[in-house]
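Here chain A shows up in two complexes: once beside chain B, once beside chain C.
And then the complex of A and B:
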């Protein structure tokens, strides 16, 4: 009797542990040398009459062999995944996908279907960087097929680098963040935009979305200024060619405040940084000229922030997640329609305070 | 009971080349027969302390002639043989017909040397030898107390091995002594050539791969154990004493922990636990990740492993198994080989494992690195028996990992924890002070706190005298 009881306990606990661990009794073959864990998918098209998309990837990833681009025209994302397996000698596994490149044209039509497919795949991690591409991405890949040319891996490392510690040089958004913004009642997502041009893969700016569809993008100076509006950011350089000034090592602290009736928004930005480059005749050793330059930069930033926010208001999009400020404890969150109504007519006041660090090396 | 007679003794001692029967007559005309085993006794002492004084004596009895020697009177033949075989000289007085025995054991043995199994950089270097009395002396020198009791037992129908139970009376929990005494008394086996044989018969769970008695040849470790309320069992003819009751955590403690600065010791101790965990799970984890969970590997490492495994004919499990078995063969060979040739073994082993296996495509470079780390990790655990046990655990985890992946390893760890929780040493829980929980004892558990903080003896041992410091002086 004791033996039966003990056996029952052991079997019960074993099965419970296995279930808790999500252990499958018939595990799939994931032996590392028999599979090819790919790093990215690139999705293009979607505008054709048959609604088909082109999905591409680079194989073999990582190992020092000559690469080739696999490209298939399919209706569903996983159809492409299956198709890849049939055209390549190893089974392609999606469990290590770290990048999802989406063509601009596809992004303009809406990303929900794609995101949901990727999101619901239990193998795919949510730490997956989403990127909007312009130009011919496959052509760019075709130029990086050398044995030592691990372009997929280097692109992943680039995004990982800029994501860490919020470097602020480029916009980096992973699947989880995108999903959070997409399914939020009041916010809209944003993604980085890159242009594939020959061998180059150039950062262009940030794409703004209205729900799941890309509506606009900002570039260069605007992209840098928008970086300042996130809560705590570090921006290495803020190049302001109009003022012939480059600010460096900027730490911006932004406080956004909504009035209770949602009629106006006030934004206070404390920008700490130093003048890295000055290409004008302003003599900053002179206190009056220094103050004038500071004031000029502040004004310039204020105007540009207001201009950018007005653009967002016109498009009724909220990539800065200002709508999140309406959330209060013990109160019902406001609806999208209510927020859009208030947001489009909201009065915006921006106050920039520039705290320039003294140039210690200059006397 | 058979009465003692010279004929009966001679009959039993027939064909024993070292058995001596000599007859001497004293100055007083007393005829004495001496019977002894020449190999067991100290011949010089026999001549100087017994034969010479007796032959010159004018007394009419052995007791009166030898005033210094401890003389035991014998009553039956079995008793006579017991004395004889333990190194006594039997003396028969023909006038009175009485039989006496004088212990003259040959004290030939190793001198006190440095411990080879538990080496430390600083601290006392002496270690036990095969001589029981010498071992008791080494402990008594450290604990000059009348409360330090030594109780003798004899175990083994063939070996008649003397076992000494040591404890500090009035400090140790009497329950331990009672349990140990009853266990020692109930031992029934023929041969006890080492203390591990005694431990095997005293252990509560002899199927377990975890030792429930700590074997040590360091007298300072024994003295410390006695001082905190444990008992020590010394076995004749072996330099290894047994300490009980112990917990799993005692197996990770080294005497050097109490010699190092407490911060250094506190850093080293978790390192040992970590290395034990590494030694049993590192290679299984490699097998689990490369067989089932490629998603869990960081891309950078995945890159290295794919490159390293791309041209191997064996699956990760067989690759790991072959490397581990080969490693064990080399480790075992290095123990058995003469010291002078072991250097060659190192070179051959290093080349075979490190270079040729990779070049021949039997193993990946990553696995060789992991096998190296894993093998080195095992040596960090001070207890040699645990080092050996970790090998079996590693194989168990390897099989679990190859079938079930990481959940298999977790399953194994849960199983191991459940097993450890069920173990006892001298009926005391093996995972104390973690389970059952004794917060105060944590000062000397995963870290080694400063000696000033160790005011109390371990609560888990429930000593009669709890305090290590004089409470009034504080």
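And then the complex of A and C:
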């Protein structure tokens, strides 16, 4: 009797639980042969009057099959994801997405809407690299459709490689870093810029943002000099064609200091490295000449840093996160408007100290 | 079949470590849930320290209870202190509080589980499965449960080390921790102080299980160590998340410490956060089991105490708790307004019990001492 009673209770409670929770435990099908985890999305357009964007991706990733570019013209990002599923035989999963390429024209109109969509998806990791592209990215993809040509994966590996040891070779920014810069009280974000040209995908420089929209970009040598201004970066080569010098293995240590009344900023950069290449090696005969060259490079770097910073001041942007120095333990944080006012008129002193290893083994 | 007794006691070995581990784990139960809404401003770091000191005061009163001879006598001890009616009133008051705590932590945990691990699964399953496991744990009886806390403590304390890498992330700067005093544009939220205090609450439930803790004279020492570890952990995780997100970005994120786990990379697992949530489940399951046992104990005090304990009784009282929790999750847990109401309710209830129960028992001891002398 007691046994029957117990069984009834157990059965009853089990059926009650089933009733309350619904029977379908996991409504998602993740059978590996039937899904396609994509590696990137690329977003273009948005300029036309209907506001439509073109979203594209490459399938299938990492298997020896002929690749295809999927491309759709949509008004919402996730409309594109749904559309992909309808045009491709496998279900596309965004859980492995690592790269988001955004066209320059789109970035100039503001990234907030796009980023918010990506951020709210719980499947997408914060380690998503954001990249600004120029040129026709889809055409570039169309040239990499071979069976063994895993261009999407290798692009991801490239960003991962340069991110790992904080190398200043190229700017690498992931979603988390972008959001942190965007949300900071007074500073602005930055992203790398690449140009798609035929079969090639070339690093061009760094794009600077005003809040969420891209305003300008710096290239080549300027980009390398700006890399020195971040906290503790390693730069492999600093090519200075104007002086016919290449500095190598550079470790820069930068100290930035704001005066309390925000009227001037002093930046001290200690650069350690060596001369890797010199067009006029023959002319360096003694230590005096060597010191003179060092002096010359220092002056040159100082001038360029000041020029780049005054460019930022003119645009009232702060991609170097200098504004965060205004936060003090016991004083009120300043507003964006106050910072912009002070920043655009701020006096800037730059001091570069070059510690070059002596030249050896040269004739 | 051997007759079972869920509330028997066999060992009389004195050890304060069970109390230490229990206090710490119960205090750390909330860090994933409370973090998002309260600890987002840098000045909350000072608030954590302040509330840690306040909690120390409550623990001091609690330790006064452990030095008296009453806890070692179990039920008789309480009867001598409060009388038969007093105990019934206390059980009646604590039952809804226990149910609230039970429901709040199960639904909150299920929410985290659903958001990060199985987004397409119904939330109710995440309440039911842990509950079944907890019932299994609870069936081992109170004495084994109290001992099991050692395993739970060492099985979950390592989570804390996962946050060390966030101190060396490149985009960090010390300026994210400023200003240290509340002079920002937002008004200082007094409620957040209470929220921190309530998340440090929980050790007051040790009164109910003090019989199995084999109390001894040096209890204050162990309780202080536990409290210090909890405050240290809260501080550590708050500093890590402030450095990582900055005080402007942090309030927009619902579960920052899980998201931070998500950011970690491991060569073996892609999703470190899933491991983290599962490990957190350990201490969560344990406390659910403890609360089920307490609910059963309290309902026995209300009814007939003389009959022996049964498995069915425990499961039925657990199912009653489930019957409260599942409707809450299904109909009264809309994000935004309703969740805020539950958080408020839990906050007031937690703070009140943490302050009042030790105080009540302290006063009762004082009164008893006066009348007997």
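In this section, the second predicted complex is superposed on the first by the 326 of 363 C-alpha atoms of A that agree within 3 Å, B and C clash if a C-alpha of one lies under 4 Å from a C-alpha of the other, contacts with A are read in each partner's own complex, and residues count from 1 in each chain.
We adopt the following convention: a contact is a pair of C-beta atoms (placed from the backbone, for glycine too) under 8 Å apart; a residue touches a chain by one contact, two chains touch by 3 or more.
None of the values given here were measured: they were computed from a predicted structure.
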> Once the shared chain is lined up, is A:177 touching chain B (first), chain C (second), both, or neither of them?
Replying inline: second
> A:257 contacts which: chain B (first), chain C (second), both, neither?
Replying inline: neither
>> Let me test your reading of the model: by the given contact rule, A:30 touches which partner, first (chain B), second (chain C), both or neither?
In response: first
> Between chain B (first) and chain C (second), which does A:330 come into contact with in this model arrangement: first, second, both, or neither?
Replying inline: second
> When both complexes are superposed, which of chain B and chain C contacts more residues belonging to chain A?
Replying inline: C
>> Quick check for you: in the superposed arrangement, does A:63 touch first (chain B), second (chain C), both or neither?
In response: first
> In the superposed arrangement, which partner chain does A:314 touch: chain B (first), chain C (second), both, or neither?
Replying inline: neither
>> Output check: A:123 vs chain B and chain C. Expected answer is one of first, second, both, neither. What do you get?
In response: both
>> On chain A, which stretch or stretches are contacted by chain B in one complex as well as by chain C in the other?
In response: 13, 17, 21-22, 27, 123, 125
>> Per the contact definition, I'd like the list of chain A residues that touch chain B in the complex.
In response: 13-14, 17-18, 21-23, 27, 30-33, 35, 37, 39, 62-64, 93, 95-96, 98, 123, 125, 150, 153, 156
>> For a test of understanding, state which residues of chain A touch chain C in their complex under the given definition.
In response: 6, 9, 13, 17, 20-22, 24-28, 122-123, 125-127, 166, 176-177, 179-181, 183-185, 231, 321, 324-325, 327-333, 335
>> Looking at the complex, which residues from chain C come into contact with chain A?
In response: 115-116, 118-122, 124-125, 128, 170-171, 173, 175-176, 178-181, 183-185, 244-246, 248-249, 252, 259, 262-263, 265, 312, 315-316, 319, 326, 330
> Any idea which chain B residues touch chain A in the complex?
Replying inline: 289-295, 297, 299, 302-303, 305-307, 309-310, 312, 315-316, 404-408, 410-411, 414
